[in-house]
Amino acid sequence: MQFKTKSDMQALFKRVSNWGRWGAEDERGTLNYLTAERTAAAAKLVRSGKTVSCARNFPVQPGPENPTPALHHIVMGGDDPCAHGIPGMEVSLDFIGIAYHGLASSHIDALCHVFVDGKMYNGYSAQEVRSTGARRNSIMAARDGLCGRGVLLDIPALRGTKYVDPQKQVTAAELDAAETRQDVRAGEGDIVLISVGRDAWREQNKPKPGEGPPLAGLDPSCIPWLFERKIAVLGSDAVHDPTPSPAPIEDWPIPVHMCALASMGLHLLDNLFLADLEKACRTEKRWEFLFTVAPLRVEKGTGSPVNPIAVL
Amino acid sequence: MQFKTKSDMQALFKRVSNWGRWGAEDERGTLNYLTAERTAAAAKLVRSGKTVSCARNFPVQPGPENPTPALHHIVMGGDDPCAHGIPGMEVSLDFIGIAYHGLASSHIDALCHVFVDGKMYNGYSAQEVRSTGARRNSIMAARDGLCGRGVLLDIPALRGTKYVDPQKQVTAAELDAAETRQDVRAGEGDIVLISVGRDAWREQNKPKPGEGPPLAGLDPSCIPWLFERKIAVLGSDAVHDPTPSPAPIEDWPIPVHMCALASMGLHLLDNLFLADLEKACRTEKRWEFLFTVAPLRVEKGTGSPVNPIAVL
Amino acid sequence: MQFKTKSDMQALFKRVSNWGRWGAEDERGTLNYLTAERTAAAAKLVRSGKTVSCARNFPVQPGPENPTPALHHIVMGGDDPCAHGIPGMEVSLDFIGIAYHGLASSHIDALCHVFVDGKMYNGYSAQEVRSTGARRNSIMAARDGLCGRGVLLDIPALRGTKYVDPQKQVTAAELDAAETRQDVRAGEGDIVLISVGRDAWREQNKPKPGEGPPLAGLDPSCIPWLFERKIAVLGSDAVHDPTPSPAPIEDWPIPVHMCALASMGLHLLDNLFLADLEKACRTEKRWEFLFTVAPLRVEKGTGSPVNPIAVL
Amino acid sequence: MQFKTKSDMQALFKRVSNWGRWGAEDERGTLNYLTAERTAAAAKLVRSGKTVSCARNFPVQPGPENPTPALHHIVMGGDDPCAHGIPGMEVSLDFIGIAYHGLASSHIDALCHVFVDGKMYNGYSAQEVRSTGARRNSIMAARDGLCGRGVLLDIPALRGTKYVDPQKQVTAAELDAAETRQDVRAGEGDIVLISVGRDAWREQNKPKPGEGPPLAGLDPSCIPWLFERKIAVLGSDAVHDPTPSPAPIEDWPIPVHMCALASMGLHLLDNLFLADLEKACRTEKRWEFLFTVAPLRVEKGTGSPVNPIAVL
């Protein structure tokens, strides 16, 4: 099967569709695979108890990858801690604000984040996402947290490099090979993290002035792989879709986002920080762990900034 | 020991101090009790695998308890999903903003949130929290997540009521009695959640127009209890300190916040939603569970909105 | 003519319509009456040169009239003025944010702010105001500023009271009578300010707990008056429409806003502060002056906070 | 007199100081020169009545000159105009947010915006600008609006070029020469606008990738000129100080800002858009006009975004 043309992608979109699988009213998509039993089994994976954050710092610094930086404002600081006027009350307060989608913030995409031909997961209309909020497929589908077995696939290590060449997309065959190499297998209900060595790329390369670094990503062949394996959640240190794409497909600029979110109902974790987790996994010689994602409970929200925590 | 006067509290503040205990540069305070071993032990508590969110929804609705509501703005909705101009790209985007301290948002307080006499935990000066951010005791101390044994103490159940009367503060003796009644004991490195039935109060009472409901809280006698037990993190469905206080102490308006954050270095979880967790605990007849808090990695931040997840 | 029923209002809406009057592409509405000649004539009214602000302070304080207060955050203060890192550079910086519509902020309404039956001024569809901004009738129609003859009509003075009773709406006959009393006449291209003594009401009355004060406003009979006089812009210390209305009309909750903005194309200034201007006018014994409104140039915006300046 | 070294600048700073001139409590600085009489005289300059905005559009687009873009969010759009729930109420609402200092937004600097050696205008301490706001020299000093005689000096026209070469700063001698050429003279209480052709530069040059265009500015020799002429307010299409400076002085990175704001008490208008005004002035063959600036009334604010209006 090839994934080069618009009609290839349209066929793939249908093939991996989970529309209706969990009922006409479902908004959880492949989170349905992550059952309480699987959560309980994942907890049993914990050995050392080491916790590792997989998030980048709150992205307040402007830059080519961060054109609309997050806001962090001290509202009351140590220079005026009694401004409240209550005797003995000395406090500091702050404000944070963020439009978290894009390339800078570690965040989760709700299933309403992407539409294909005006529809989102389970066939709901794009019109359901109004100026006042998403009436369908909001992040509230994940309000009780995602807590399951995390599996990290280290593609640079497979290739014997520090990072994935942004021109050479990761293929499904490589996902299989990485599993073999790491002696781990991703299955139903798992949270799969695919490292492309984004931060190692930055250390060794200098982006062009005014541009962010290119981001490596997945070949569309990975899409049926994710579908067949019944993965619950997918994470990356980049954004799954190579940016810019070395092999763009007409009208399908972000095939992984389009098929995962809109067809499969597979929540995505973008812009994770995986270098610390890779190091911890190498140290403990294991690539599975308990993994928890706790989105903010934003009613009608299209996602949330998150700080996913792996426990080894 | 009595806790009624300013000098009582000054003595208590010294008695429960952990300043210097983990070195002159420490910013983690009682998080030091939550070791990897304890995290690993906590994971073993998981049985059913049921996950329960302990957060309220993102507080966008104004009200007496929420005078400065959070912002949630759709930046690009389903009525203009191609505004990016990339052919085939149909997305929705949003923005969230929040000054999370106060009575409305489920959040964690960093150790820089409260000062006593111009000092915060470990003796750092309030001047370290500048208009540009907290240089000491920021929420980054908790950046790798708090993941440990959670223990829920249900005070209304102990009292045989639906909620704690805001005029009758919870005492240390009641914490002991609740443990006995629930057959559980909070110890070193635990995350203790004390329910006062805040939401049940709301269901049965009507606050005065223009006022929020009074919030029940802890008597200062609980402070040495928390210290001696070596609790790592403390959570509440209210804000620990009764609001307004039925027994105010001169210059000590919020004794639990002041002693916990500034003296002990004990991180606080305010405004949790505990009704779902209580119900789940009653169903499973157990009051201990794996508990994970994943603050956003806001450098120099005074805390973070959070969605803490209990796994039973 | 009566204005009590839905069909009365529908007829009135048609009667005062300026749709098409200045062409099918017009977005300026009655600003077309405010020609350069009239601006030049208005400048000649200046005598003392006294300038008077007609705006309230930026509404950062929460309250019943201000449920979603404006944000004012110091981004860099005097405690860290060199945080930029440039030697010798000592600065302070701040951030402001506001959703200015409502009852608290002095602001101008763009013609896209109100729809009637899904249409706005000149027949454009409400659909033109997308989540990404207003493609029609944005505040950019007023980008070069409104500068013309201001006329202040003091209704409390006409009634011999300190403020307009919120139960007794201002009638067109009273507008005529106020003109006669003040020896002034509002005409084509004028900016008319109608004072209802909102701030005097507050001084003498105490709103109910949790509620804002009721706001006095105009009877619908004023609508044809505004139309026939060819007023360019209308301002008030309240919001033109009485709030809550003592005589509500089915499906026409805010008749002045609906007819002025959507039918006539008459820009509105809400929540002005007129007490200082009244005092200055009484002192100088004149009720006409040069009046300037300078909206921020927000492309696709639905209005702007403003600080209108009268020059006597 | 030379202005090349730190001690040159320290001497200049003292020479042009207005500290104490209008009393120990003064916060208006050279606004004291803009008397009611001068406002009245300025109004008499109006002939054609043409109004010209001197502001750029609200800077929501990211870019090298705009690393922290302004926010403009539709809060309620035409796709959900009845979300309020009031029958017949169809509205659109939006939110704006901006940290307006920098190179992108047309704004006014309050006198608290810049400190020199920890002091601001009239000798107040930088400590007065706290995390909770400026207690001294806030923009409220200009709350009644700046309305006076505007004088535009067109330096590119004087030089016979389209724009001022960013390497060749404007000198005091050129200000005199521009006056002679244009047959106009700036004097006590005037609002002086100095055009450096910033936007023409952009049209003819391409900034380096990732960088903003260099901004031309004033030589320090202009500082005593402004002082001696008793100018009330100074405006520019750039930011007065060349950026980056072709002739940097040790510890004096922004000499015009430092001397104008902190020593003279001269409010500054940064990043104006002057091309339309230049064109109108050429057409009407005059370089003086009525000029109005109406800052938002932000208590404790360090300035305000503005849309200054010239009336010819």
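Here the chain labels run A, B, C and D in written order, and each chain numbers its own residues starting at 1.
Keep this in mind: a contact is a pair of C-beta atoms (placed from the backbone, for glycine too) under 8 Å apart; a residue touches a chain by one contact, two chains touch by 3 or more.
Since this is a predicted model, take the numbers as computed values, not measurements.
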If you line up contacts by residue number, which pair in B-D, B-C or C-D shares over half of them with A-D? Let me know. B-C
Please state the rotation angle, between 0 and 180 degrees and to the nearest 5, that superposes the Cα atoms of chain B on chain D. 180
Gap in Å, rounded to a whole number, between the CA centres of chain C and chain A: 46
Could you grab the centroid distance between chain A and chain B? Build each centroid from C-alpha atoms only and quote it in angstrom. 28
What whole-Å value do you get for the distance between chain B and chain C if each is reduced to the mean of its CA atoms? 45
For chain B, what residues touch not just one other chain but two or more? 71, 74-75, 77-79, 95, 97, 127, 130-132
Determine the shape of the graph in which chains are vertices and touching pairs are edges (line, ring, star, complete, other). complete
Chain B residues within the chain C interface of the complex: 62, 64, 67-69, 74-80, 83, 97, 127, 130-132, 208-211
Which residues, counting only chain B, touch chain D once they are in their complex? 71, 73-75, 77-79, 95, 130-131
Complex contact set, residues of chain D against chain C: 35-44, 46-53, 55-58, 60, 71-72, 74-75, 77-79, 81, 86-101, 112-118, 125-134, 143-145, 147, 250-254, 290, 292-309, 311
